[in-house]
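One structure, pasted below without further comment.
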Amino acid sequence: MLDKTGIARRIAQELQDGYFVNLGIGIPTLVANYIPEGIDVEFQSENGVLGMGPFPFEGEEDADVINAGKQTITTLAGASFFDSATSFSMIRGKHVDLTILGAMEVAANGDIANWKIPGKMVKGMGGAMDLVASAENIIVAMMHTNKRGESKLLKQCSLPLTGVGCVKKIVTNLAVLEVVDKGFKLLERAPGVSVEDIQNATEGNLIIEGDVPEMTL
Amino acid sequence: MLDKTGIARRIAQELQDGYFVNLGIGIPTLVANYIPEGIDVEFQSENGVLGMGPFPFEGEEDADVINAGKQTITTLAGASFFDSATSFSMIRGKHVDLTILGAMEVAANGDIANWKIPGKMVKGMGGAMDLVASAENIIVAMMHTNKRGESKLLKQCSLPLTGVGCVKKIVTNLAVLEVVDKGFKLLERAPGVSVEDIQNATEGNLIIEGDVPEMTL
Amino acid sequence: MINRTVANVQEALQGVQDGMILMLGGFGLCGIPENAIAELVKLGIKEVTCISNNAGVDDFGLGLLLQQKQIKKMISSYVGENDEFERQMLSGELEVELTPQGTLAEKCRAAQAGFPAFYTPAGYGTEVAEGKETREFNGKMYVLEEAFKADFSFVKAWKGDTAGNLIFKGTARNFNPCMCGAASITVAEVEELVPAGELDPNQIHIPGIFVQRIFQGNNYEKRIEQRTVRTRE
Amino acid sequence: MINRTVANVQEALQGVQDGMILMLGGFGLCGIPENAIAELVKLGIKEVTCISNNAGVDDFGLGLLLQQKQIKKMISSYVGENDEFERQMLSGELEVELTPQGTLAEKCRAAQAGFPAFYTPAGYGTEVAEGKETREFNGKMYVLEEAFKADFSFVKAWKGDTAGNLIFKGTARNFNPCMCGAASITVAEVEELVPAGELDPNQIHIPGIFVQRIFQGNNYEKRIEQRTVRTRE
């Protein structure tokens, strides 16, 4: 089973040379720490920066330089700042190659819900609706089950949707899955996790073809 | 009767303090030379400059600094350069207060034609269609008649339109006219020009109310 | 040059009234018009609709107006860091229109640029699209979103000149440029106001034509919401 | 940093084929991609559709491609200064789609920004609106215009860096920024190419994400169409 860092490390393997990547808040943010050697990627944050670097050294924080999670950041050589409309031109116009974000629920048809629990919790969608409606390549990073142990990979989302039919790949603490026509296709198992464990934690249709390899990190 | 300079001088009287103004090619360009004292106006050119100044001194021309007529220009303190989309945001968004442009024909309902003579001449509309469709305040600067002596103030335009029902005021070599519900209302006569002269040169309905004053320049 | 300067925040806010629709720049607490917000609190303007990506935090930014119950309606994309916001929203005291962030930015830009409406893929198939026209272009579905209409727009820039030209800094730029010229009156407060002619005309982010009033702001706190650092090795 | 540099104009134009739709920046002869145009002439690419505000003059800019009969169709707003253009158009040799200038700019920007279409007042009631959907918003009529689809976009900037970031100069900016990222491949030629990190991230006009290939141009003529001067008194 993976922890959050493990999920981030596994997702980092999906990065390809030349990718512009938007990272959501939470686990996705950690992906930046595990870029494979020998490839160049650039991170975009929808509040208006391209070419994000690591967090600043203590004492060098600049209130005017933050990411979409409101964290103080630095920029790398070749970075640029821009306004919100331009930022979403990058996203909507498919110039961002990969979007990695968290979710409360994902359905077997690729639907995603991550912004609202009616009557209980409303964080707002932020840029997530624009991101999922636009990106060709979306990876969801999340725990396989919620705090009550219920599956977050469902036949159908029960919460208000963020986007329809958009999720392509999911990396959880238990598995890597691809959204295909008829459900979640199991691609890889997390270390020490059996196909049965994954089956038990997955409410939506799980497609198992042949031997499912254990992932390598 | 006015010459082109006279038309420009008369139109300059329409400028008001704080106006952002777009000047078309030809007579309108001359308006910049006659800004009334004591008022501040800024000239916008749709190719991407606000705060245009006079032509450069000889030897100081910069190929990268031109107006929409492709003439070399200078800029004044407070000027800015921007791209074409932003330029037309200023125009379409009604941030430009006054548009002054030439015309081949104007109709009594405010229609204007100035970009094409089918089969003969096609200059293109440039930014004129955006300007006339957007501006609240449009003044046409033109000769009252064409080279064949035919009226350019018509019941209906015969040439392909640039915009519909948009012209508010017309300043010609003969008169100042306002487009009102039922036709061209004669506001002023050019020096030495009689109401009859204007009537004879105007095909569209001319509305004459009381004594029509001669303009002062 | 048309002079856009006003003497101070009081003059800059003249004409702001109860019930108006206000746009406010900023992302979280980054790049917010601190002086204008403080003055809105002081004036006690009530029943306003605020168009702003966030609503500040409990004790700063638009959170100050929420605490004073000055806001009737918020139009935002994210409210995650503001407990009072969430409480007023869930209790029904506060009307909230949650809007996807890119749509929010473009609804401002559309107002600035004279576009009445635009088609965006964001929100298709979600409750954001309920009651809105949807349409297919090239095999993909889009939602028709209309331009905002607002009375005042309050933005914060880094530098500005007396002609109203603005330059923003870092990610404090965010929604501020999109909101310039998107309301009947745009009020810009700047950290440094310089005479026209001092800024490079090639490097203006927002030309003065989009700004009606500009003033030198003061006492900027520029609070950091998530101070994240790494340690030197 | 993702390196966007290519060695030269030959490499920059790899993949350009007969029949393609090309966008070219510039207003008149100001800010045109001179190196790319020269190479298109040299390559003898035929039957192309060119989206460009103007078509150069008889012996420079896109006029060079017109002289060689390489252009099947022009999409422009103004052709006033080019006799050969007018001749080919009136004789029917050249297909021409005249488009209002602001609409032309926004059709590029829509392609860049992922908007399939937009409503503009420009051209309503004229032949430009023939066959297009029109619609009323708030009592005013608008025409629905669709985003461009193009294969290559050729732009010219003043400075650029190896990450593809661009800065334009003066009114040579014009359509160039709008065309970046508006085609499948955007090729930028610059007067001065510098290493990433040398340009101020706050002053980038076009971030490198909108540019696929960048190269150091050379031998810029930068012709002036209307040399207008005043005499010293």
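Letters are used for the chains, namely A, B, C and D, taken in the order the chains are written, and counting of residues starts over at 1 for each.
The definition used in the following text is that a contact is a pair of C-beta atoms (placed from the backbone, for glycine too) under 8 Å apart; a residue touches a chain by one contact, two chains touch by 3 or more.
Everything numeric in this text was worked out from a predicted model, so none of it was measured.
Separation of subunit A from subunit C in touch steps, taking the shortest path, is 1. Counted by C-beta pairs in contact, the busier of B-D and A-D is B-D.
Each chain's centre was taken as the mean of its CA atoms, and the one lying most distant from subunit D is A.
Mean C-alpha positions place subunit B and subunit D at a centre distance of 28 Å. Centroid to centroid, with C-alpha atoms defining each point, subunit B and subunit C lie 36 Å apart.
A straight line joining the Cα centres of subunit A and subunit B is 55 Å long. In subunit A, the residues touching two or more other chains are 49, 81-82, 85, 88, 91-92, 134.
The set of subunit C residues that touch two or more partner chains comprises 109, 114-115, 120-121, 168-170, 202. By the definition given earlier, chain contacts exist for A-C, A-D, B-C, B-D, C-D.
In the complex of the two chains, the subunit D residues touching subunit A come out as 1-3, 109, 111-115, 161-163, 165, 181, 195-197, 201-202, 204, 207-210. Those residues of subunit C that touch subunit A in the shared complex are 27-31, 53, 76-81, 86, 89-90, 96, 98, 100-106, 108-109, 120-128, 158, 168-178, 205, 222-232. By the touch criterion given at the top, residues 45-49, 54-73, 81-85, 87-88, 91-92, 111, 115-116, 119-130, 133-134, 160-165 of subunit B touch subunit D in their complex. Within the complex, the subunit B residues that touch subunit C are 18, 20, 40-42, 44, 49-51, 75-82, 85-86, 88-96, 134. Interface residues of subunit C, counted against subunit D in their complex, comprise 114-121, 137-138, 140, 142, 146, 167-170, 202-203.
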